[in-house]
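What follows is a pair of complexes built around chain A, which joins chain B in one and chain C in the other.
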Partner chain A sequence: MCLKRLKKIARLYKISVFSGFQYFKADTIMELISEVIFSIGNILFWYCVTDMGYELSGWSLNQIFVFVAYSELFFSLNSSILGVCSRFWYIIYSGNLEVLLTKPIDCRLRFVVLNMKLSTLINGIIKFVVLLMIANYSIVSIRGFLLSILIVVIAAINLGVIYFIFSYASFWIGKMDPINEVADSLTIFNKYPLVVLSKIAKVIFTYILPFYFFSTFPAEVVLEKISLKNGIYGCSTLCITLGIWMLINNLIWRKGLERYEGING
Partner chain B sequence: MITIKNLSKVYKNNTTILKDLNLSIHDGEVVALLGENGSGKSTLVKMLVGVLKPTTGAVYIDSFNSFSNRKKVIPNLGVLFNQKPSFIVDLSVYDNLMFFQTIYGISDEEFKKNLDLINSYLNIEDLYNKPYRKLSFGQRVKCEITSVLLHNPKYIVLDEPTIGLDYNSKQGLYELCKYFNKEKKSTLIIITHEIEYIEDICSRVIILDKGTVLYDGSSSDIGTYFKKYEELEISYTKIINEEVAEKFFLVAQNIDKEKGTFVVADKNFNKQLLIQELNQAFDIKSFVSKNDDLRGIFKYVLKEIKENR
Partner chain C sequence: MRDMKELMVKYKALTTIYIKQFYKYPIPLFIKLIYVPVEAFIYIFLWNYLGKSSSVDINYMIIYYILIGLIKSAYPFRHISINIQRDVMEGSISNVLVRPYPYILPEIERYTAWIFLYSFIFIPAIIFVIIVRNVSVYYAILFVLSFAIGNMIQFLVWYNVGLIALKIERIRGVLLGVSALMSFTSGSLVPLFLLPQWMEQVTYLFPFRYYMYFPLQTMLGEISMSDYMVSLALSFVWCVILWGLSAVQLRSGMSKLQANCA
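So, the complex of A and B:
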């Protein structure tokens, strides 16, 4: 059942993304250029910070570059997949939901699959690998690396679910333009290691919004900066919060559908 | 079979759109759903396909509640909401159709067979490689119709399917609907104002008025009402005789400086005499009889049906 569903998604993805790519080659190349410039800017920022003598509680420049690699991976995930979830409100508001509800595929899944940008994600992965190479961190363990990627994937699903929940407010409120702004502005917290933020911010970005699990935590896992106990605790927290958010997501979606009135009479 | 039981819908602003509706639509029927704007046609269709939750009552499709069991009902439905695209605008028509093939789980052989069949009626082959966003409105409607019929749905629901279509495409769609009903035993529910559709392919007509069923019967019976009226559209450059023109203004549906639409209640009227009178009143540019569209005469038909009840 699950395999069949995955095959279906893969086929949809192949149709939408690869076919769409032929129309947007120039767009993809421009995007790659802008991402390279953005990454160079980010590297320069941290280089200047450490060059000026500032220290980030126990993080060397190379270690910061590992963090930056995960941070950049998050931004690529956000541009290619997650940001799409926060724009789902428009489907509800514009009345297009009624068309999507009459098709035999979950309209949220369809929305994400059809709007995600594979080229942005590929650019992001390339950038991630290059940044890890720049970090020149030779003791990155394969096991830790794979675990960190899994953590980032779960955190991405978690944030996507949260963005969807925000989008459902459109069932009650209608136009939800500021949701995109809020979602985009929140990502700024992923630019800096969470260790520099206050305790309250750490709690919020660990237990409510999963930003800790996008860059700081995976970097800590890869660099073996946390104990096994804390690692297990972090992973468990991530999975539990994902479960809770999914339950809330399901509940609000159902309530929203009951309230949905569509447009045009 | 579709069963509608005690169906009501009250919107959030306390507007009652449907009132305690009870209907059954049997397999193989072709039903025309008619009514003035705001009569509840679209709301009924949306509740029928499980998109809107009824305030009271329910719609059952093959004994499944269409709202709470939407996932079970949807694979058997082909739904066209006109003017709301279900295609991905940046992809070509063929890629879009492959997308529908995937989500409906249609085999390659069936996909090709059905596409060829639909193409023979709607002539969309030339559009396959064009991106959807580059199509005209009429071409988009044809593609949407194709996607609706591609999986041989048991129930086909079409909301104003002919809007934007040229004469040949309308005829093609019309024959295609007949084919699906006769050969594939599909049940069709069509919201339309095209008299040709209603008379030739619909076995049953349901007229909604202010959320209730005003008429539910055979299309041949209702056809007699429609045939009594005729809508005329007259374009003119100027008014010649104000006094005579006034007579027309009193019965005009829409009128402006250059154009007027009139409904003649008795189809046996003397057209010659009417044209003479019109010529006295206006400097006429054109004179068109709008026989194929019911919208203009609908209010007169409703009035007469109500009087005869």
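So, the complex of A and C:
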């Protein structure tokens, strides 16, 4: 049963991967180049800041590059796989949901799989490795590495779940295209280390909206700025937060479906 | 003259329709009220934190980034390109082309309607900055002028980007590419005076600095009158270049266009 389901997902995935390159080659290549330019911009920002004599207390330039590497990894995960969750409102708004509900795979999972961008993910992983090499990977703890990757993945899934909840607002409000802008604007929480926040803000962005886990926390784990024990504690907190958000997600989804009306069934 | 008058009547009518349409969906406006302050909040924390280690004026950096954030997200420019891409991909561009006005006109109207509505947020925010920063009336007026021309450039840039869809259909990568280039050369990533000299020279090759860095410098009173006039003249030159480029793109794109929605 599970294998059959996996096969279906794999088939869908194959379609999504090749259609981008097949039909929009120039645009896909342009997209990859642009992502590299953005990363260079990130590095340039920190070079200029350091050059001006500013310091991120407790973080050397190499350690900041490790943060940037994690920031890039999270960003690529988000834009290649889970960022699309913020566009799910269109399926609801356009009245196509009931068609998708008849398919043998959960329509949300199907939507994510069909919109995956493998090229962006590969590009992100390459950038991640290169940035770690620039940062001098000897400062990276091997022990914390696997844990940090796990944290990034869970944080990305968590954000995807939050995006879905935003999208469900379409059941009540209708057109929700500003959600795309909000989703894009959330990337600012991934751009700078959130150690700069005040204590209250840190609590909010750790326990309620888990933005601290996007790239700041994984970088702290891998740089051994926090102990492995605290790392595992943080990871557990993240899992609990994810569980709560998934619960809210399912609750709103069901309430939304009760309200839904469409003409394509 | 009569044609012009007729065109203005159509222009006015369509702009009013767009204003009504956007007014019916005010959520984008409210959402802006959330995420623009959130961005400002991050910058304030960041520069306050960084400022602990340096004697450089952090207030300047904070106001710089808040202003950049405001100018950058004042109006939804990227929508211009996205709309054109949608017109091309769905084939609805053929419906627009048979109407008795140029293709650029509905885009200008939609843009004017956005400006009208978004100004309810942007103008009070700018007035707040003017009061906090104690900007003189003289520089405030110069800012308005530079910002207005900057917006014209911004519109034409994204209109041109949208027209690329006539050649390659999907322009998601192009949008991202232009945004990346813009962050480098407009001063939104790093203030341009902090860039290495050769890199700062390169920014003159692109129009982006004229709709972000130039109005910002004016607002902060960091530009001499002669430099202001030069930048203003160059802004006009960019407008002409971009206008010409859009005409060329539209003509060559139309020869390739295939649509079945007419």
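Everything below uses one rule, namely that the second predicted complex is superposed on the first by the 250 of 265 C-alpha atoms of A that agree within 3 Å, B and C clash if a C-alpha of one lies under 4 Å from a C-alpha of the other, contacts with A are read in each partner's own complex, and residues count from 1 in each chain.
Criterion: a contact is a pair of C-beta atoms (placed from the backbone, for glycine too) under 8 Å apart; a residue touches a chain by one contact, two chains touch by 3 or more.
Every value quoted in this text rests on a predicted model; they were computed, and no experiment measured them.
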| item | value |
| --- | --- |
| Fit-or-clash call for chain B and chain C when the two complexes are aligned on chain A | fit |
| Touching partner for A:G262 - first (chain B), second (chain C), both, neither | first |
| Partner with the higher number of touched chain A residues, chain C or chain B | C |
| First (chain B), second (chain C), both or neither touched by A:S227 | neither |
| Partner chain(s) touched by A:S198 [first = chain B, second = chain C, both, neither] | second |
| Which superposed partner A:I29 touches (first chain B, second chain C, both, neither) | second |
| Included angle at chain A between vectors to chain C and chain B, based on C-alpha centres and rounded to the nearest 10 degrees | 80 |
| Least C-alpha distance (whole Å) that remains between chain C and chain B when both complexes are overlaid | 9 |
| On chain A, positions contacted by chain B and by chain C | 23-24 |
| Touch list for chain A against partner chain C, complex | 23-24, 26-35, 37-38, 41, 44-45, 48-49, 51-57, 173, 175-179, 181-182, 185, 188-189, 191-192, 195-198, 201 |
| List of chain A residues in touch with chain B within their complex | 8, 11-12, 15-16, 19-20, 23-24, 95-105, 110, 114, 257-262, 264-265 |
| Chain C - residues contacting chain A, complex | 25, 27-28, 31-32, 34-35, 38-39, 42, 45-46, 48-56, 76, 168-174, 176-177, 179-181, 183-184, 189-190, 194-195 |
| Residues of chain B that touch chain A when the two form their complex | 11-12, 17, 37-38, 40-43, 46, 49-53, 70-71, 74-75, 77, 79, 81, 83-86, 88, 90-92, 95, 98-100, 102-104, 131 |
